[in-house]
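Structures for review follow.
One chain, chain A, appears in both complexes that follow, with chain B as partner in the first and chain C in the second.
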Partner chain A sequence: MAGQAQENSSLSTVVADVAGGVALALDGEGGSYALSALLAQRDTVALAAIRVLGADVLAPYALNGGAVRGGSDAPDSQVVRRALAAYPPGADASDVSLWSYRGLVEASRAFLPPGGEDWPVEPQAGDTWVRTDPWPKLAHRASQLAALSLPGLAPGLAAGLAARTDDLARGFVRAVRRRDWLQAAGLGRWLVRMPDVPDTLGLEAGLVFVHRMSGGDPRVSLHASAARCFPGGSR
Partner chain B sequence: MATELTAPVETAALAAAVEGLLDSAEPEGIYRDTRECGGGLLLAALLLISPPTPRAPKTDAR
Partner chain C sequence: MTAASPAVLHRVGDQALAWLDAHREYFRLTDEDRATGRGIVERLKPVGELAVNMRVLAREGVAGSRQHDISVRLLDHVWRDLLDGGNLLAELQRQEPLSPVPLEIYAGLYELGHRHPGLESAIDLARGTASWQALEMVPNRRLGLLNAERMIGRVPGGDPGKVLAATWLGRMPEPWTVQLHIAYDITHTVFHLTDWGAAPDRIPPRVADYLARYLPAWTADWAELEHWDLLGELLVVDACLPRPVLDAGMWELYAAAQAPDGAMPVQGAMPAGERAEVFDQVHHPTLVAAFASAMATSRALSADLAA
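Let's look at the complex of A and B:
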């Protein structure tokens, strides 16, 4: 039990470090981005952090709209391949885990250089919950999958969530009122890409507020930066 | 040798930690509906300002 808690703690620390680096890259700070340069140690914890953040570790490449320089043996390609191989979703994996894995595979295919070696096949992930979940649960799950709101990833999921824009907007307000800044920021990322967000939500100001209130949480910063970098709605 | 023996255990523990972080439960929190809170406050206020229960006037027994 103590060992598990220690694993969680060290993993959370590395996840926060990597998220902070991605947020800086999205904000245009810290020079050119390289995921492999963010990882202080190429060990199993660093690979696990990539798996937790999913497609977001490649978000700066989506911003540049181009692939990583180098061939399929570029350091970033190698490290993502190792993360995908080390932490595949298990047989009893949740839908969130499956979707997150899919997102990382799709992002790798889109943003990393094509090579001789194929990327893993995306696992099937259930999407019934997008239509049937009550709005608080939908908002929670959508926020966990905010990395999939990057342009071009999971278009079916994005369309399903867009059909429930009002529910996500309700979830955003609820998360803010509960002071759940991470959930609010994740939902904000989805909402900035949706065309029919009600103006009364005050999304732009809300995201600034959430970012400030989070006290510099790197994962919230990452969501806030991504929301600024990848707008898609008609605000 | 010790590293070889503990590596799979560490990876399994990390895999569980990854799943836990990916699909973490919502933090516990108390979410109150403003209208319900307003109704509760109104009820409390009405109780506080309500006049005392009327009592029968005292009569001298003698």
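Let's look at the complex of A and C:
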């Protein structure tokens, strides 16, 4: 299984590299952003990393209201198309996997040039859990789907989660207590967009705390930067 | 969240009380304690806790006749045999006239009908000084002292509202910063503010909202850490809220942690060792279990439960 382990380690490295690049671009320190430029190797690992990070690989394009990048054959469009084709959700895919895929398709449609070719159809993703999950499970899933908190994506999901703001706030508190910085930061991204987030949560200080305590985890940095770039409830 | 069944809530307390009764001889002062005077205050702390608990049982009206008998037997034991009818507390006050400890222990016993006029006049002597009010202590303990003064029929020497505002809970800071000691500050603030659950409406609405919002997160976390002593205290706080949750999942975990003989471990599994040593380690969480059970059972039978 050495090969498998190596591949996993290589995937997490590429995910971290891309997340770090997105975070830098969101912070305005990365110059002009290009996803394809972050992917040194054009192999399955790069495509898998795109699938792991989902819509967040296109987050910097959401900064200026989604300005179109390049022509129809722009490298970013090509690489995202290949990732969507390589890792479609299977027949038994979880709701999180379906939503994440859906988020990447929605983000591509919103932030990448239309080109000649259609983007894949967004799969239907179940949302009963948004209403029925107990708060710890809800918080876990919502955090995994933090990329869908980008402006304009999945408005129904965002509205459903907004109705459970207190439950997400509980999840944030518990995640920080458990030192699960990634979950806390992902929840923080949803919470900064919610109109009824309680002042007592101390969310702004919480996100700074989480970011610092994570010791520079690039995926936490991505969430922290996105939370700064995309605050407020208007979509 | 589903509310726990009153049967589960009640059983935890019933078993805890049976264990306390079977171990009442260990509410004790050793010969060494008496000879050196060291550690007496530490030894007497459980007595104050016991009195408070027995008062909760009597007040909430959820104790059966067997529980009532146990409670009378336990209190008679500590008042007569351990405190020498209050003389021990009076002696402590004589040795250290400004100490708040004798009052803190006496208040619960007073409410249950025990009296020591000599001790009360010594407490009044201390209360008459400016020094008494200037004593430095953490705000949640100060809140407890004001409550103890009220319990023995004195006018509290301070404004509980102002003292509450100085506690951690009263300031309602970032809930994600709560650590073990902060959590105990929170629970004790609620205990003193509500007179050990007798007056839940003394929690100001904004503080009750804060607790209702974040208590589930703290409770879930310390349940996962199997910290039964703190979990029990957090379950008491829940039972003090306007709309308690009485979460079935949390109560089942808590009940499952209780030893077959009724003892509740502090954290993780029951410690091994001599009976006296084990008593010293687990009497507090077991008293808390009796307290939490009485409060929750009472609320389950009377309150509007949270959805």
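In this section, the second predicted complex is superposed on the first by the 226 of 235 C-alpha atoms of A that agree within 3 Å, B and C clash if a C-alpha of one lies under 4 Å from a C-alpha of the other, contacts with A are read in each partner's own complex, and residues count from 1 in each chain.
The working rule: a residue touches a chain if its C-beta (ideal position, glycine included) is under 8 Å from a C-beta of that chain, and two chains touch if they have at least 3 such contacts.
Small disclaimer: the values here were computed from a predicted structure and weren't measured.
> Both complexes share chain A, so when I overlay them there, do chain B and chain C fit or clash?
Here the two partners, once superposed via chain A, clash with each other.
> Name the chain, either chain B or chain C, that contacts more residues of chain A.
B
> Kindly classify A:201 by the partners it touches after superposition: chain B alone (first), chain C alone (second), both, or neither?
It touches chain C, and chain B stays clear.
> Which of the two partners, first being chain B and second being chain C, lies in contact with A:44: first, second, both, or neither?
Only chain B; A:44 stays clear of chain C.
> For A:166, is the partner it touches chain B (first), chain C (second), both, or none of the two (neither)?
A:166 sits against chain C, while chain B stays out of touch.
> Classify the contacts of A:176 with the two partner chains as first (chain B alone), second (chain C alone), both, or neither.
second
> A:144 contacts which: chain B (first), chain C (second), both, neither?
In the superposition, A:144 touches chain B alone.
> Let me test your reading of the model: by the given contact rule, A:93 touches which partner, first (chain B), second (chain C), both or neither?
First partner only.
> Applying the document's definition of touch, where does A:12 land relative to chain B and chain C: first, second, both, or neither?
After superposing on A, A:12 lies in contact with chain B but is clear of chain C.
> After superposition on the shared chain, which partner residues are touched by A:135: those of chain B (first), chain C (second), both, or neither?
Only chain C is touched by A:135; chain B is not.
> Thinking only about the overlay and not a real complex, which stretch of chain C clashes with chain B: 21-29, 75-83 or 93-101?
21-29
> Considering each complex separately, which residues of chain A are in contact with chain B in the first and with chain C in the second?
Dual-contact residues (chain A): 174, 177-178.
> Would you tell me which residues of chain B are touching chain A in their complex?
10-11, 13-24, 26-27, 29, 31
> Report the residues of chain C in contact with chain A in the complex, numbered from low to high.
For chain C paired with chain A, touching residues are 1, 172-176, 178, 210, 213-214, 216-218, 220-221, 224.
> Give every residue of chain A touching chain C within the complex, in rising order.
Per the stated touch rule, the residues are 134-136, 166, 169-174, 176-178, 184, 198, 200-202, 205-206, 209.
> If you look only at chain A, which of its residues touch chain B in the complex?
By the definition above, chain A touches chain B via 3-4, 7-8, 11-12, 15, 44-45, 48, 51-52, 86-87, 90, 93-94, 96-97, 100, 140, 144, 174, 177-180, 183.
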